[in-house]
Structures are given as C-alpha cells and as structure tokens.
Amino acid sequence: MKYLGIDPQKIKIGVFNFTCCEGCALALANKEETLVDFLDLLDVVTFREISSDRGEDYDIALVEGSISRDDEIERIKKIRAQAKVLVALGTCACYGGVNNLKNQFKIEEVVEIAYGKDKVETSKVRPLSDVVKVDLEIPGCPVSKAEVEKIVVDIVNQSEINFPEYPVCVECRRNMNTCVFDLGMICLGPITQAGCDAVCPNGGVGCLGCRGPAEDANYESFREILEENGFTMQEALERINFYNALPGMVIDES
Amino acid sequence: MKYKLPKEDINLKPFMSKPPRYNWKDVIMRTDKTYKCEIINIIELTPMEKLFHLKILDPVERDIFSFRPGQFLMLEVPGFGEVPISISSSSNNKEYIALCIRKAGRVTDILHKAKKGAKVGIRGPFGTSFPMEEMIGHNILLIAGGLGLAPLRAPLYWISEHRDEYEDVSLLYGTKDPPSMLFTYEYAEWEKVNHIDLLTIVDQGDDGWTGRTGLITELFKEMTIDPDNTFAIVCGPPIMFKFVCNYLDSIRLPMNRMFVSLERRMHCGMGKCCRCMVGSTFTCVDGPVFDYWSVMNLKEAI
Amino acid sequence: MIYKVITKKEFKKFVNGLINSNETFGPRQVNTAKDGKPIYQFKEVHSFDEMELDYTLSYSSLKNFFLPFREVLSRYNFTDDNWEQEIEYRVNPRVIVGVRACDINALCKLDDIFVNGSFPSPYYIARRNNTFLIGMDHLPMDDCFCMSMGELVVRQGFNLFCTDLGDRYYLSINSSKAFNFLRNVKTTDPTDKDDRQWLERRNLIKRSFNTTVDTSSLPNLLDIEFDSPIWEKWGDKCLNCGTCAMVCPTCYCYGIEESIDVSLKSSRRERFQHSCTVVDFAEVAGGHNFRPSKEARLKYRYYHHYHGFAENADEQICVGCNRCGRNCLAGINPKDVIDDLLMEKTDEV
C-alpha cells in the first residue's frame, strides 16, 4: 500500500488448463462488479478464456486441472520451470477432483466406455503436487472468485495469505441454514475446510468436500455420526470419492 | 514480623493521582476509532526486530494519549489488521511512542516492509501496569528473556527518571544467542548513567562472545536477593518465567511482589472478544501485568 | 412494570399496526426436519398471519440481530499516501415478535458485557436500542432447562411480554414506547381472575419441565475438574465445527478481520462471530495454539458458560435453551456433560 511506502506490484500471470472442465479459469472471469478492478491488478500474459495473447514471461502460473496424460507431465514441468510461483487452482489441481472417479476402474475399461474402440492415451489421475512442486493450493469446485480476489490482493500487497482452518459448518451456521443432516441427507461439511461460504448447504445440498480437510478434522467422530444417522460407510465413501479431497476419511478406514 | 499483615496503601494506586472524572461514568466511546500516527523513525535492532517511533498526528489526541509502564496498545495497519504491542518508550515522552516489533505474522510482516513516513493507527493504551509507586523505596529486580526486554523498557525509563526513589535496581537479561540481544546500544547508559546492575547471559555463545552462557536462572548465583525488600518484574517466554518465578518463590519472595507480563493475541483490547482469555481472566483488561499469585491461580497460564 | 390484559383479536390488530410501520421479524417455519418436526427461524414478516407464534424455539438464536455473524466495524479509505477512517453506527428500527423468555434473558447477559461492562460497544447499543422486543411465554420442550439456570422469568430487557391466557394475553409492559403504542388498541386492567389465571399459567410452565441440570457447584467444580478425564471423553466426540456457539444465544466471542477491496482504494475492518471450540481461536502469530486439543477447546466453552468470565462478574452465561445440545451432531449436550462431571466426583466419594 502506498501509505506504507510500499508500491503495489502488478502480477504477471499465466493461466493454464489441464484435465478439467475449465470452470475454475472461467470462474476467474466472473463477478462482473469487480472484474475491472481485478484485472487491473494483473498483467495477463496467457489466459485463453479471456485473451488470445500468448506470452512466456509470467511470474505466477495459475494451473487448473489434474494430470492424466504423459504429455501433461512435460507441459507442467515447463510451466514450473518458468513460474516463480505455481498455484494449483481448484479441486482437480489440488486433489485430482472429479477426474479421480476414473481411478476406481481399469484404464482399458475407462477408455472403452468413453471412446469406444479409439485408442486414447491416458493414465491414472494425479494432483499437480504429485508431479511438480506446488507453492499454493486454492481448492474448490470451482474456486471461489471472492477467495481468489483476496489472495491476489494479498500477493499484490506482498502480504501473507491466510485460509480458514475451520470446517464448513461455521459458515453454514452463520448463514442460518438448516443442518443438512436434520433434513436427512449426508453432508461432509463437518470435516471439510471452509472458505466457500457453505455454498452447497445454502442450497439445501450436502457438502461434497471439494475444499479438502479442515484442520484437525475429527474423522472418527464423524464416522460414528454417519452411523447414528443411519448412513452406511459405502454411502459416505461414494460422496467422498466424488472429489477424493478427504483422504483422511478413506485411509483411516483400511 | 513473619505474620504481620502488609499495609496496602490505596494512595499509591496510579488513579489516585488524577482528578476524579465524575461525569465519565458509562460513557459510550467510538471504541474502534484509531489515533493516526506517522512512523517518524525505524531502527533495525536485529533481522527479526525493529523499533518504530510513532508520532500521533492530531495534537489533541497526542495530549489525551498517556500510558503507564507495562500497558500495551493496539497497532492498526489499515487493510492488514491490528496487533497488540507493549509500549517501549518513556511514559513521559510526549513526542513519540516507541514500539519494538518482531516479524511474526501478517500485520508485523507488512510493517517491517513499511518505510519512514508511513501512517498507521493506534488504539489504547490498554491493560494493567507495573506498580511503580508501590515499588518506591524497594530494590527492583527486572528479569527479561528475549523480546521480553521490550515491555521492560518503559519501567526502565521510569526508574531512570525517578532513580533516587528506588534502592538497588538490577536487570537480568537472557537471549538464545548474542545476535538476538536487543537494545545493546543502550546498555552502557543504563549501567553508567542510571546505575542499574546489568547482567546478561546467552543460551549459546558465538565466536565473539566473552560473556556468560547458560540459562537465565544461572544469574541468580551471582547475586543475593533480599526477599523482604524486593519487587521483581519478569517478562519473557512462559517457560522462562515459570523457572524464574519458581526460584524467586523458593527464596520466599512473596508472590504478590512478583509481576509478570503475559502475552496473548488480543483482538479487541477491551475485554469483549475473549481471544486473549487465560482461564476466566482477560489478558487485555485484567492483564497483561499480573502478580504471580494471580498467574498461579489462572488455568492455562503457564 | 405496568400490567394489562388484551384479547388476542386486539393483539393481532396491535401487531399488524407495528408490522405496517416497521421492519418486523417473527417466527416462521423454514423447513421440516426428517422426523417431521417443523424448523423455525426469525424471519421478516409482512402480516401477523405469517408468524407462527405457537412455535417451540427458533433454530438459531436471536443473538445475530444484535451481534451479526459478520459486521463492518470501520472502513479505511486510501488516498495517495494517506488514509481516513470511517465509522458508522446507524441502524434502522425494527420489531421482533414472539421472543422466548430464555432468549430475552440471554440478551440481558449480552447487555452486561456490551452495555454495562467497561468499554460499552456502540455497535451493539445501536442495534439494541433500535429493537422493539415483544416476548411471549411457551411450554418448555422436553430438553429445555432454563428453569435450572434460573432464566425462566423475565424482569427486564424487553418492551412487552405476553403470557398466554387462552383467548387473551396478560401483558407486562416494560417501556414507554410499548405503553404508547398500546394506546392505539383496547386493553383492560387485569382483574382478580386474570391474575389467578396468570399464576396458573406460570405454574403450568414450571411443572412442564422434564430436564434439570444442577450447575450450582460448577464455578468451583470446573476449576477442580480442569484436568478431568471426562473432557477427553467428550472432546474426542467434538467436531470443532462451532455449531454450538453459532446457535447459542449468549456465545459472543469474536474475531476481527481486515480485507482490502479489489480496487485497492479502501479496506474493511470486520468483526465475525468466532468460537472457542473452533480450531484457530487461540492461535497466535507464528502459529502457536494455546488450545491445541479438541478437549481443551470444548472444555473452554463449558468453562465460559458455567464458570463465567471476569467481564460480567463471573456470572454463568448459559440460559438453558439447549440449542447447542439439540444441534450438536456428535450429541454433546450440557445435561450429559455436566451430569458426567458431577457423577465423576460422586462416584469417587
């Protein structure tokens, strides 16, 4: 900030897409009321959803999507070599995300169901951090634009970045929602990191855990709660496997 | 003598020296209004600690702001947040307020990047203070570990300004290594001008270090303390004051003459948010200065 | 206090009058739980009939009308190399109808902290002074224990309180505002019969309690039992999700957060409702957490509620509404925790 004698630095960003729906990159272009201000903070070098320019001199790479092919490994390594800071954007980049569903099946089976007889090169889905060093993870499916704005403002002002450590329930209760469990459905909110403003429970839908685990999440107690509410572990796992962002719930089970 | 009750003189309480403000009962204040200050000087003490001199810009506010040694203020860096900082300057200094700040989080990080001339806000002062009047006529033992020297600088100034009112004054200061020592440039003045016995020690010496090494409690071996006539003020990490106070207790220094300054993360400074609670007590209102008896009775204090 | 009696028909006219002239909130059903029970919240209402005054208890407490979950305390506007602070306390007047006794007493406890304590909060006072509260008695739910906490009777903190006498209400009028508004409708002085019926109704309410919690020895016991193994037992269940504190009518602990707007031209300083049961509540700069375990955090909430803090003269702040117990997924509730705590020592004797 200028009043401190510190000049805000525009950040040179490149946005890159890997295996995903590109929803996170699109989310960056949402929230029209502040979009102009937001873009003012950025020096966009590469961002195919909003500009046809392609450059190579970005400092911060925002990378969405997971790794599911060998050529993607090469590409992400190149981006890593160029970027001073590599940010995993969204649940796919941070945890593998929805793409993880594929990992439950044999690769040949998956290819045949999706593409028939065509030969398609694909491998198990992995998060970015399995392949390269990731400096910052912004989870969410899609990412919350408000949160991204906050992070960008912090970077521009050379300030520390903070994420909420507590579970979604805190935000859900602040919004005065009826607990999804009271409505007779499963919700992963109690073990999932907040920051999404409880967007799913706001709509009466149980949390799917896209933001990954809350700090010190109590898996054991949560398992008992599922049981007491008449849900089987199978039902819960189906939900957790959707994003595969809560490994603590799964690993403990075995 | 052993069972004689001490006389507690209410006249020595700091509020007694001020004219009563009968019409100030229950006033509603703009509790979040900050006094705007300019940073007029920045002194780098160590790579982690800087001393900031703040001048309150509005003359009326500058006049209103008065504090006692041991009190703290909330330092606001607009946009980044607010942190509690104990005041390290003389309570007589109307020109500027000195704050010794370690780089430790979001707010202090950005503050370390700030340049001279930057504008920040303060609220306060808040909290309790050291019993400077009650200590008159007694020996004073000041014991600091690490950054704990910062809150002791205000009572040190007070003592220097009223040196003839106090008997022997000693300052025991320990840090983890020689480069972490704060205010080294002032030691000579404290010793020679203010007649304060200064004993320093480090956990781990380095090549140039010729002083003592070991834990701060080692320093007690070099001195005799008169438990009937001494006040102690202890500032530093909890583990340090636990050992120090245990020692002082073992030589029968009464717990109500040992004072410690507790550190917690205050968010409001006004006994509302409960972030700085220790047991059922607010560090911001009932502290940060507690006598050791109170600390012993607080849950979670040490 | 002045007492009057009003027929329910006149009362409806009275409330509709208030609704037409002011922003008004009342109990409304927002959902149906899986067990078929209705879920109520205080919501804005536009006519008397939208309210369900025979509701049990609202899902969330009334606290957030006075201590919003998020509230801007001040703004900083940045100019070239300077800033200006901007503070506002303006609040629109509003009416809340159908408030339960425990919720009114909870507000009185918050008053002790935010109005009567040191550094009265202008934000809270602005909201409190601009709210017209109409209280209403009710038969307790199975797990209510406000009688054990001594919070069944209201003496202050409201404008008007209605005791249900069947076809009419027995009114306790506690403010000149309420008295003046009531001049618009027909009220009568209570007759001997009304007084008797009022007492009968009070006795009926008292007899209807099914849950008692003995908290009288807790201020000391919580100190003595600070390291009791029962905290580990209940702490192991706790999700640290903060639900108990968010629905509680008296949990007021908060945090302050600042954020710079995307334009970099201004910033907001916001107060947000926090809870000692939440993981980062006692975390300090540099990452050290003074309450690193689940049990320490859960215990702290009980400590605050039943030991009391210095700010309001060590008064217990629980009012016995049991919202925390009812809403806890893990089944942690004051009745069981306190019984456990008492039992532990009784067994050993």
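First chain written, first letter: the chains are A, B and C, and each begins at residue 1.
The criterion applied here is as follows: contacts are C-beta pairs under 8 Å (C-beta built on N, C-alpha and C of every residue); 3 or more make two chains touch, one makes a residue touch a chain.
Quick caveat: nothing in here was measured; it's all calculated off a predicted structure.
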Determine which of the two chain pairs, A-B or B-C, is joined by the larger number of C-beta pairs in contact.
-> B-C
With centres defined as the mean of C-alpha atoms, identify the chain lying farthest from chain B.
-> A
Cα-centroid distance, chain A relative to chain C, in whole angstrom = 37
When centres are defined as mean Cα positions, the distance from chain A to chain B in whole Å is 45
Length of the line joining the C-alpha centres of chain B and chain C, rounded to whole Å | 38
Could you tell me which residues belong to chain A and also touch two or more other chains?
-> 1, 3, 5, 157
Which residues belonging to chain C are in contact with no fewer than two other chains?
-> 78, 81-83, 259-260
What are the residues of chain B that contact at least two other chains?
-> 78-80, 105-106, 117, 119
Complex contact set, residues of chain B against chain C | 26-34, 36, 78-83, 104-108, 117, 119, 121, 263-265, 267-268, 270-275, 277, 279-282, 285-286, 299-300
Chain C to chain A touching residues, read off their complex | 30-31, 33-34, 39, 41, 59-60, 64, 69-70, 78, 80-83, 236-243, 246-247, 259-264, 272-273, 275, 278-280, 294, 327, 329-331
Chain B residues touching chain A - in the complex, by the definition given at the top | 77-80, 105-106, 109-111, 113-120
Can you name the residues of chain A that touch chain B in the complex?
-> 1, 3-6, 157-160, 162
Could you pull out which chain C residues touch chain B in their complex?
-> 73-74, 76, 78, 81-83, 85, 87, 113-114, 116-122, 125, 223, 226, 252-260, 267, 269, 274, 276, 281-286, 290-291, 296, 300, 303-304, 307-311, 314
